[in-house]
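Both of the next two complexes hold subunit A, though its partner changes from subunit B to subunit C.
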Partner chain A sequence: MKTRSLYCVPALLFFLPFLLFPLVDCLGLSRFVWDGITQDKVFVGLGHYRALWLDPVMRSSLGHNALLILFSLLFQLSLAFLLALFVSKLSRGARLMKGALLTPLMLSPVACGLLWGDLLDPHLGPIQTGLRGLGILSRPQGWLSDPGWSLFWIFIAISWRHVGFHVLLMLAGLERIPRQTEEAARVDGAGRLGVTFHITLPLMGKTVALCGLLSVVGSLKYFDLVYAMTRGGPAHATELVATYAYKLAFDQSRMGYACAAFSVLFGLTFGAGVLYRLLRGRSG
Partner chain B sequence: MRRVRFFCKVAFCAGALLLLLGPLVWLLFNALKTNAEIYQNPWGIPSSPSLDNFRGVWGGGEFGVAFWNSLKITGITVISTLALGCLAGYGLSSERSWVKSSLISLFLAGMMVPPHVALVPLFRLYHGLGGSDTHYALMGPYVAFSLPLAIFVMKRFFESIPRDILDAGALDGLSGPGALRWIYLPLSRSALTTLGAYTAIFSWNEFAFALTFLETPSLRTLPLALMDYSDQYGSDVAMTCAALCISVLPLVLCLFLFQARFEEALTQGALKG
Partner chain C sequence: MTRRVAPVAPVVMVAFVAGLLSVVASCKKTKPALEEKTKLVFWHIQTSDPTKGIIDAAVKRFEAKHPGVQVEVVPIKNDPYKTKLRVAVGAGQAPDIFHTWGGAPLAEYAEAGAVADLSGFMDDEWRARLLPSAMALCQKGEAVYAVPQDVGVVVLWFNETLLKSEGVPPPEDFSSWLESIKYLRQQDVIPVALGNKEGWPGAFLFDYSLERMLGREETSRLLNDPTQWEDDRVIEAYGKLQTLKDAGAFQEDFNAAGYDQSRMLFFTGRSAMTIMGSWLLAHCTKEMPDFLKDLSLTRFPQVEGGAGNGTVLGGVNSAFAVSSSCQEKSIAVELLRELTSEETLTAWAEAGRLPAAFLDEPPTGAPRQWLDLKKILDEADSLACYFDQSFPPRLAEKHKELIQRVLMGDQTPEGAAKAFAQEAKALQSETGMEE
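Entry: the complex of A and B
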């Protein structure tokens, strides 16, 4: 049965040239200065990584990624947990709720970014006209061109698209908790909140960790939604590592430098994945 | 007390539904209005709904073409991913050997690579060999980046098939390719549709590769066409909304029809990975 590994050959014919080779090439190219057109490349070793470390835009991009991750973990996951608890207790309408929660995920990130751009439009968007109607806002605000607000609204758009996905995962986690455990706690006199915090939440540890990992990896990979909504602007206020690296490569033709930034992205994603696997492996 | 609790539940449901679906309903309403009406009444129900915006967008031609391009690329990607994933999943299932475990680690590592990493190297590769600005330039990486998950889902699924069934097949003379075709495949329809849905969502929505490698307007995929459309006619809100509606419709319709499958696809995709 040694030959059975041969069944992997067709998959490898795609995996090697379109995934593994690009990864290795990206790491390799990051050591050169290259404009993407000519043949001549200048070797700079790890110089690009040093330059990235000192690059103020790269630093703020990393900061924005970190902020998105932090917000996702704090707000999106707690909201998802509450929604999951709520939906799991519904006797009727659970299917409808799940469907509604998943609908935003069906939009492509580009469509989602453009939609939120329209929703936030200062003159036509329902959010601002509504707030003005209620007297909360006095005049039109260019939120997406305001460096203080734009990242916040990007986070809102991202949460709108993804919260349902986390609810779905947590619902699957909730289903795996045996009914008896919660009932036993109830019999022992635990209140509603007590059961939630001392029984349900600890037993959901794995699911929450998975959702956390997916948020972290997802936040690192954001590109399309931000590109469609703000292009990383105004003045890099919503720049993420992925959008910055893309601009370096295809707007400024600094391919080697861009590869270094993409490699950093890879390192972070890969690190998060490995860390998660180690933690999960230890807890069994 | 019961009444109050029931009322709270309904109110919470309604609020959540409004927040989740409201933006999409607003989008549909705007697509059915004229620009003048949007300016006057950005919130309300269209007074005389008309499909003119949809006709305008579709009649422009680019959108129809982009729609079929996306459909074609998604179709080929899904079929190739499923076929290759099945073969490799079968190859890696059951018995262990050092070749298999190293292949498993390789694919596992592949799952943790962000697709953007491949942009510059593939750009270089395509410019060296030719092949940029074709649909193949997209399908290659789409399949490659969908494969690791497909392989693991199929591998686990095949390993969950009871030994007895395989033994019975072996008695009847089925092994290797025969067993894969007549025993494994017929049993795995649910796993295949689940994976198919997952892969379809990914390739239908993918943007970065399409943006980088496609230049000819007639080759553009839907997200790309949408982006260009909003860059060009962004001030025409009614038309942009109609364009968004068209791009959103297929997957939302699929979700509506196959909700259970989609739920399974998303949970399984995350849990098995």
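Entry: the complex of A and C
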């Protein structure tokens, strides 16, 4: 037993100073009004959490995070599942397809954000120029500056970057399904859709759940791509909790308040993880 | 199988920890060798040439004059700089010398006791060389918290060839500007390129409009007490933004485009004008030198009957502060002297930037637009600091957000004025609590 626990030492050496300590420190700081520079801190207890509850920007940021989660679970994972089915059926070019799907993940999130910003540019970007050339658009459109649409484009950029990763996970899940089960269903007269919904999908439950958890946690913590693409703007229209907390800390000098926002974010992410464990435990 | 492997584990662990410790120990060992020389750590934000090279050359000259001193120069990109500096100062690890923009952000560090008062180190001759308007943004009373090196002024840049071909004269006042904008829009030309993703370029329009209407004294009064922001003239200034937007002044994605994108629209002839700081000249020289022949500039349009038509909006783009934790302040100040020397600042001007000092000789290699910028700066009645550099950080962010909101029609001018006053009152009560 003693030797076994020694194996944890390298992980703990990383975990304690770089994760646990900052986390505890962040929770501690969230009880103070502090600008991040001076040594003077004013104790406000849970005051910051009460203020966050009433803060309209925090509320809308949470809403945007929730929308991202919903979109990711509904559309990104469905698309990943369909793509995985498609790739698994390919007799040729499957490796090329996997490579192509994974390429966006190789780019840094900041590069992705800037790339999509340029792609969507109404005057210089290829998407709108192309659509105008085809006669589909008559005038340049400010898609990213329109608060009604900007979050949608952010979601497109995020999905473009991450869908390949989910496809790979699901392909691994598909490979674990015994062929005989599917073949037996076919012999019994199940159609293509029937096999997909009644055999493939239920047998991939664990993989789908894992993809779901990664999507939920990823959507909660999202920061870099959004910050590079829109900076959470215009006027908080694409603000997420992480971008808002960053701005509170470093643009507005409200370090204590920002720590409270980060703590809420941590609580939500942690909660998602616990919920996943509970659900998995229950499903056996 | 497991049992055989298990005894190896402690050995691996011990080796791992010992390895870590030896790395830490070796880091410590190298320290005394460096400490033979006095070491100064210097953070700045010039990450590309020519300005980066100019700073490096100044540091080399300083090191040649002070053989016992070694300067560790750390160029950091503009965006992460604020974050890094705040974390370093908050953790008590401030660099000895660091870049600052003057104004309210510097005042914040001064109030926290993080920067040294340099007034005792500066002689009259040196002080007299520095522009008083720039010095004012680095001082509080008699105390000097930074030495300014570069100033910026905001002007209306225009594509001379494009305006001529459209038969539009460079605008002088707000109403003629509005007429030109409407005409250019009909000709399918983007009248004004605006990259307002970060809010400050749009804030230039508002800041200038308010300054033009109120004049320096009245504006300062409001800036000093932003709880009084619900003022008719403030509302009128927000209204001017709306008028410009409704006239079709800007490209469609002005609130999502950054300064990079807006200047590309301007440099490639897709837009006729842009409101930007003097640094646009340095960007044009570097990125699109062919456009220099078309590039011209004039003052921001005047407002009929306004009290502040002689004001120029601008500020300190770069000043250098010495941290209060610096052990060798007098030597650090000598580096600041070299960074603001005639030789350094002449090279600075030739790169198309405006030095924060009077030069003995006008630079020979500067582009013609540099002389126009210098003239506007020299002839100005007063220099008004960008509002977001005058406000405390929290209000500065609110200011930029509200300008985005007014421009996208999400907030009325009255609503914006009210929201800003409310934020100012909230900040006041929170600061009152701290005190």
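Of note:
Heads up, the rule we're going with is that the second predicted complex is superposed on the first by the 272 of 284 C-alpha atoms of A that agree within 3 Å, B and C clash if a C-alpha of one lies under 4 Å from a C-alpha of the other, contacts with A are read in each partner's own complex, and residues count from 1 in each chain.
By definition in this document, contacts are C-beta pairs under 8 Å (C-beta built on N, C-alpha and C of every residue); 3 or more make two chains touch, one makes a residue touch a chain.
What you are looking at is a predicted structure, and each value in this text was computed from that prediction instead of being measured.
Annotation for the three-chain superposition on subunit A: subunit B and subunit C clash. Residue contacts after overlaying the shared chain place A:164 against subunit B, while subunit C stays out of touching range. When the two complexes are overlaid on their common chain A, residue A:11 makes contact with subunit B while staying clear of subunit C.
With both structures placed on the common chain, the touch criterion links A:144 to subunit C but leaves subunit B unconnected. When both complexes are overlaid on chain A, the residue A:42 reaches subunit C alone and has no touch with subunit B.
Of the two partners, subunit B and subunit C, it is B that touches more residues of subunit A. In the superposition on chain A, contact is made by A:253 with subunit C only, not with subunit B. Of the two partner chains, subunit B is the only one touched by A:90; subunit C is not.
When the two complexes are overlaid on their common chain A, residue A:233 makes contact with subunit C while staying clear of subunit B.
Between subunit C and subunit B, the overlap after aligning on chain A sits in one stretch of 3-11, 57-65, 165-173 or 219-227, namely 3-11. Within subunit A, the residues touched by subunit B in the first complex and by subunit C in the second are 4, 6-7, 10, 36, 117-118, 121, 123-124, 250, 255. Within the complex formed with subunit A, the subunit B residues making contact are 9, 12-13, 16-17, 19-21, 23-24, 26-27, 30, 38-39, 42-43, 80, 83-85, 87-88, 90-92, 95, 97, 99-100, 103, 106-107, 109-125, 140-141, 143-145, 147-148, 151, 201, 204-205, 207-208, 211-212, 222-223, 226-227, 230, 237, 240-241, 244, 247-248, 251-252, 254-256, 259, 262-263, 266-267, 270-271. Subunit C makes touch with subunit A in their complex at residues 6-7, 9-10, 13, 16-17, 20, 82-83, 86-87, 89-90, 108-109, 111-114, 190, 196-199, 251-258, 261, 264-265, 268, 270, 392-394, 396-397, 401-402, 404-405, 408, 410-411, 430, 433-434. Contact residues on subunit A toward subunit B in their complex (touch as defined above): 1-2, 4-8, 10-12, 14-15, 17-23, 25-26, 29, 36, 83, 86, 90, 93, 95-111, 114-119, 121, 123-126, 129-130, 160, 164-165, 168-169, 172, 210, 214, 217, 220-221, 223-224, 227-228, 242, 245-246, 249-250, 255, 258-259, 262-263, 265-266, 269-270, 273-274. Contacts from subunit A toward subunit C in the complex involve residues 3-4, 6-7, 9-10, 13, 33, 35-38, 40, 42, 117-118, 120-124, 139-145, 147, 150, 230-231, 233-236, 247, 250-255.
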